[in-house]
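Labels A, B, C and D are assigned to the chains in the order they are written; within every chain, residues are numbered from 1.
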Amino acid sequence: MIDASLRQEMARQGVVTTTVQELYNWGRKNSVWPLQFGLACCAIEMIAASMARFDIARFGAEVFRPSPRQADLMIVAGTVTKKMAPQVVRLYNQMPEPKYIIAMGACAISGGPFRAGYNVLKGIDRYLPVDVHIPGCPPRPEALLEALMALQKKIDAQPLTGPDRPRHLDANAPGEYLVPECGEHDLVPSSNSQLWQPPVLVRGE
Amino acid sequence: MIAIDNDTEVKQELLEVSMGPHHPSTHGVFRMNVLLDGETVVKLKPVFGYLHRNHEKIAETNSYLASIPYTDRLDYICAMTNNWAYTLSVEKLAGIAVPPRAEYIRVIVSELTRLINHSCLAGFLLQDMGALGTPLMYAFREREKILDLFEALTGSRMMHNFMRFGGCRCDLPPGWVDGAKTIVAHFGPFLDEFEALLTGNEILRARTEGVGVLSGALAVSAGVTGPMLRASGVNYDIRKVDAYGAYGKFAFRVPLGQRGDVFDRYMVRILEMRESLKILEQALRELPDGPVIDPKAKLRNLRPKPGEAYGRIESPKGELGFYLISDGGPTPYRFRVRPPSLINVTILEDLCLGHSVADVVVILGSVDIVLGEVDR
Amino acid sequence: METLEQLKARLETAIPNAKIEIVPNPSPVNQPSLLLDTESARAIAHFLRDDPQLRLDYCSNVTGVDWLKAGYLEAVYHLYSVALKHGPVILRMRTGNRADRVYLPSLTPVWRSCEFQEREVYDLYGIVFQGHPDLRRILMWDEFVDYPMRKDYVEPDDYEYDPTPHDDALEKARKHYPQAPAPLQTEAAQ
Amino acid sequence: MLGSGIIRGFIETARNFAGSYCSRERLTTIQYPEERLAQPESARIMPFLVFDGADPKAGLRCTACTICEQECPPQCIYIIKDAVKKPDHIGKMQMQPKVFDIDISVCMGCGICAEVCPFDSIKMDQVFELSSGERFNTFLLHKEQLAKPNEYFRKLHPSDAAETDARRAEDKIKAEAKARAAAAAAAAPKPPSSPKPGPPPKVPAPVPEHAEVAT
C-alpha cells in the first residue's frame, strides 16, 4: 500500500497510481445500469431525470435496460402493491450480482400516503435489501441524482476482501430472496423475517 | 447428408404470451395475456390491479379536504384536471359557488395540463414504435417549462394539490401570467417543429394508418371517451356538452377523426393541443380580477348534507368523474372515481385482434392509459 | 329531457311488470335516480338505450355501494346520451341482502362499458352479475377471498413499523407493544 | 417522394442538435450538483417548525393544537402535549408539544399542515437531498430536528414570512396596548376592585381565514 501523502505527491508529478480495488470500483460505480422499471408516479420523475434537463447520463446511468439480466440497479419507483410484490422480488432475483436497490419515494420506503390501503405493501424492504431510500412524494429528479451519487459512494467504499466485502464476492451470501405468494387474505409470508427486523417503538399517551 | 422426411408435418399451436406487468412498453405495470397464432393476435385479455392502491377505500376514511392530494396521484401526469374533477363534484354535493377568476385559473391550468399530457403521449407512442428518446425528449423539454410554471404557482412539480372547494388555494404569483403567455406563444412553434419531425414520417404513417381501427358505434357503446372517441368521428366533448367552469366563454373547435385508427388518435391529440393554445390565449387575455376562492367555503370540517352527486370533466384522457355519496358525516360514505383510462381499455381486445404483436404495443400506446388511474 | 316522473310513467306502460321507484336526492345538485327491480332491469335498460326520445347510448359509470345498516348492496349506473347530449339518468339496483342473495342482472349486454366496471364491483363488493360474459376478479388476485371495499372488511394484521400511529392503527399497534411501562419508553424514544 | 418525411425529420433533429450548442432554449441541462435550479418561493418538499429568537425550545411557535395531526392526509404527524405551558409571542400561556414527530418516509409533501396551521408554526421546507441508506433512524424527525429559526423561514419564503411577521408584530402591539389599558384600569381607584395587577389579557391567537381552532 502507498500512503496518501506519497500518492498525492506522485499525482502532482504526473504519476497516477491505483489499486485493483479502486479501479474495479471506479468502473462499477460509473456504469450503474438501472432496470427500466416504473411502478407509479415516481417513474415519471425517473424518466424526467433521464431526460435532457437533469440528464442522468452524466452519471453513467442512462442505459435503462429492459431486461433484468443486464441491469445493476433496481429503482423501485412507486407504490409496490401486494399483487405486484412477488413480481418485483422475482425481477430482483433475476438480476445478476452485483445488484443494488434504490427505493424512490415514500410509497416504496413505507407505503407512504397509501400505506392504509389493503393492497399496498408497507415498504419494499419487507422483502428486499434496500441500499438507498429517497423520501419525497415524488422526489425531485435532483433527489434521484443525489441518491445515485450516494450509491456511487457506497460502491466506491466497498472493500473487495474481508468480512465486509459485497455480496457478489461472498459465496455464502444470499443472492436470491424469498418470493412471497398471494394468499387468501394477504401475501404469504407477510414479510421476509430474515431481512425485516423493525425496531420496537412504543408510544405512550 | 441428412435425410429430410417430407411426411412430417410442421406442428402448429397457439402460443400464450404474458406481456407485463414488467414490460418495457406497457406504460407502467399493465399486463396483457396474449394468445398468438404465429405473430397474429387471436385473443387478448388485459390483467389489472398491479397498481391498485385503494384510493377509494382510503378516501372513504379521510376528510373531504385530505382527499385532494390523493387525487393528484390518480392520473399522475394530469394532477390539475384530477383536482378539478374532484372539487367540482364536492361543489355540486355541497352547493358551493366558484368565483369567476378561479374558474379562469382552473381553465388555464387544465389546458396547460392537456398540453403536457398530449405532448408526452406523442413521445411515449413514438417510443413504443421504436423511436427511442428523441420525440420523448423534445416533449419532456417543453413539459419542464410548464412544470416550472406549475411549481411557481403551487410549489410542487407534479403533485399540485392546488384546487379547493370553491376556488383555488392561492392566487397567481406576480409575473406568472406573463410567463404563461410566453410559454403559450412558444408552444405553437414547438408543435410545428414536432409535427415536422413526426407527422410526415413515412415509418410512423406505415405503423399507424389502418392499425387498431375503432368504429364510432362500438366506441360509444364501450364508453370510450376523450380523444379516442373523437378520433372515431363522434363529436362529444364534455367541455362543450356540459360547458362546466368557464369553458362556455371560449371559442374553440373540437377536432374529429375519420377512420378511428392509431394515426387519427395521434392527430386528434396534436390538433387538440392547438385548440388548447387558443383557449389559453383567450383565458390569459381575459383573466378577470377578484377573489380566487369563495370566502364562505369551508376548508376544514366540511360536512355536506346527506345526498349524492356525480361531477365530471373532460380530462386529457376522457371523462373523469367523481361520484360521491354523503351521509352527513365528515368523510364521504362512498367515493367512486370514474376512470377514463380503465374504461378506454375495454375495447383493447377488439382493436388488437388480427394485428401482430408489435402493433399491440402501438395500439396500447395510442389508448393512452396511466396505471394510477386504471387501477386506482 | 322529460322529468323522471314522466319517464317512470312511460317505462311502466312500456314494460308492464316493471316495479320502479324514484329515489330522491336531497343534495343541491338534484340528481334523483330510478330504483329498478331485478327482473325487469334488463328490459328497462334496453328500452332506455333504444327509445328515440332518450337514446341513452352511453353508460358512463357503474358504482357499487355497501349499505351496511340497511343490509343490502347496491349498484348505481350513470347513463348519458352521446347522440342527444343529455343526461345523466341514474339507475339503481339492490340485492336482497349482503350474504347469499347478492345477485343482480348484468347490464353488460346492453352497454359494453359495464364490462370491466361490473367486474370491479364484483371484485370489491361481491355483487354477482348474472349474464356477465367474464365475471372474474379484476383488481385483486384470483386467490383472494374477501370483498375489501365492504364497510365491514377487516384488513389482515400485518403490523407495520409505524411510528406515527392514529386511531385504528394505534389500536392495532398497541396490541403489538411489548409489555413495558409506556411513559418511560416514550422518553427513551425521543 | 418516399422518404421526404424522414428527411424533414432529420433536418429537425439536426437543427436541435446544432441549436443545443448556441441556444439555451435547446440545451436545458442543469449540471446538478454543481449547478442548481433556483426553486420558486412557493416550493414545498417537507414540513418544518418555526421558532422565534435563538432558543428552539422557548421560541417554538407550535402550541400542540393537533390540527395538523388531524388534517394530515397520510397521518404522518404525531403529537403529545406537554403538561407545562409556556408563553407565546404576545405573552399568553399556550400549550407546547412534548413530542412532535413527522415521519418523512410517509409524508407526501402536500402542504396541508402548513395551510391549516393557525399559529404560523408549521411551514414547508425546500431541502430535497434527504436520501439515506438507513430507514428507521433517519426518517422519523423529532421536534429538535424539525425546529428551524424564523430567519430560515424568511430566506425560503420571503413574502409569506414578511406577511406573517407583520401580523405577529401587530398582534403584539395590540396585546401590549390592551395590557397597558388593563393595568391602567386596575390601577385606577375603584372601590370594589382589588389593587393587585390584572390577569394577562385574553387575546385570541391570530387565526387565518378558513382555519378553525380544534376543540
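One rule holds in what follows: contacts are C-beta pairs under 8 Å (C-beta built on N, C-alpha and C of every residue); 3 or more make two chains touch, one makes a residue touch a chain.
Please read these numbers as outputs of a predicted model, since none were measured by experiment.
J.: More C-beta pairs touching across which pair, A-B or C-D?
T.: Between the chain pairs A-B and C-D, A-B carries more contacts.
J.: Can you work out the whole-Å distance between the CA centroids of subunit A and subunit B?
T.: Inter-chain centre distance comes to 31 Å.
J.: Nearest whole angstrom, what separates the Cα centre of subunit A from the Cα centre of subunit C?
T.: 41
J.: Round to the nearest whole Å and give the separation of the Cα centres of subunit B and subunit C.
T.: Measuring from centre to centre gives 24 Å for this pair.
J.: Please output the residue numbers of subunit D that touch at least 2 other chains, ranges allowed.
T.: 28, 73, 75, 78, 80, 103, 106, 108-109, 136 - these are the residues of subunit D that touch more than one other chain.
J.: Multi-chain contacts only, two chains or more: what residues does subunit B have there?
T.: Counting only residues that touch two or more other chains, subunit B contributes 49, 52, 54, 57, 69-70, 141, 144, 159, 375.
J.: In subunit C, what residues contact two or more other chains?
T.: Expected reply: 139-141, 148, 161-163, 165, 169, 186.
J.: Mapping chain-to-chain touches, which pattern fits: line, ring, star, complete or other?
T.: Contact map by chain: complete.
J.: Taking the complex as given, what residues does subunit D use to touch subunit B?
T.: 2-6, 8-9, 11-13, 15-16, 26, 28, 39-44, 67, 71-73, 108-112, 115-116, 124, 209-212
J.: Which residues, counting only subunit B, touch subunit A once they are in their complex?
T.: 21-22, 24, 28-29, 49-55, 57-58, 61, 69-70, 73, 76-77, 136-137, 140-141, 143-144, 157-159, 371-372, 375
J.: State the interface residues of subunit B toward subunit D in the complex, per the touch definition above.
T.: These residues of subunit B touch subunit D: 62-63, 65-70, 72, 134, 138, 141, 144, 148, 151-156, 159, 161, 169-170, 173, 193, 196-205, 295, 297-301.
J.: Would you mind writing out the residues of subunit C in touch with subunit B in their complex?
T.: 25-29, 31, 57-61, 63, 65, 76, 78, 82-83, 85, 88, 90, 111-117, 120, 137-141, 148-149
J.: So in the complex, which bits of subunit C are touching subunit A?
T.: Residues in contact with subunit A: 139-146, 148, 153, 155-156, 158, 160-163, 165, 169-170, 173, 177-178, 180, 182-186, 189.
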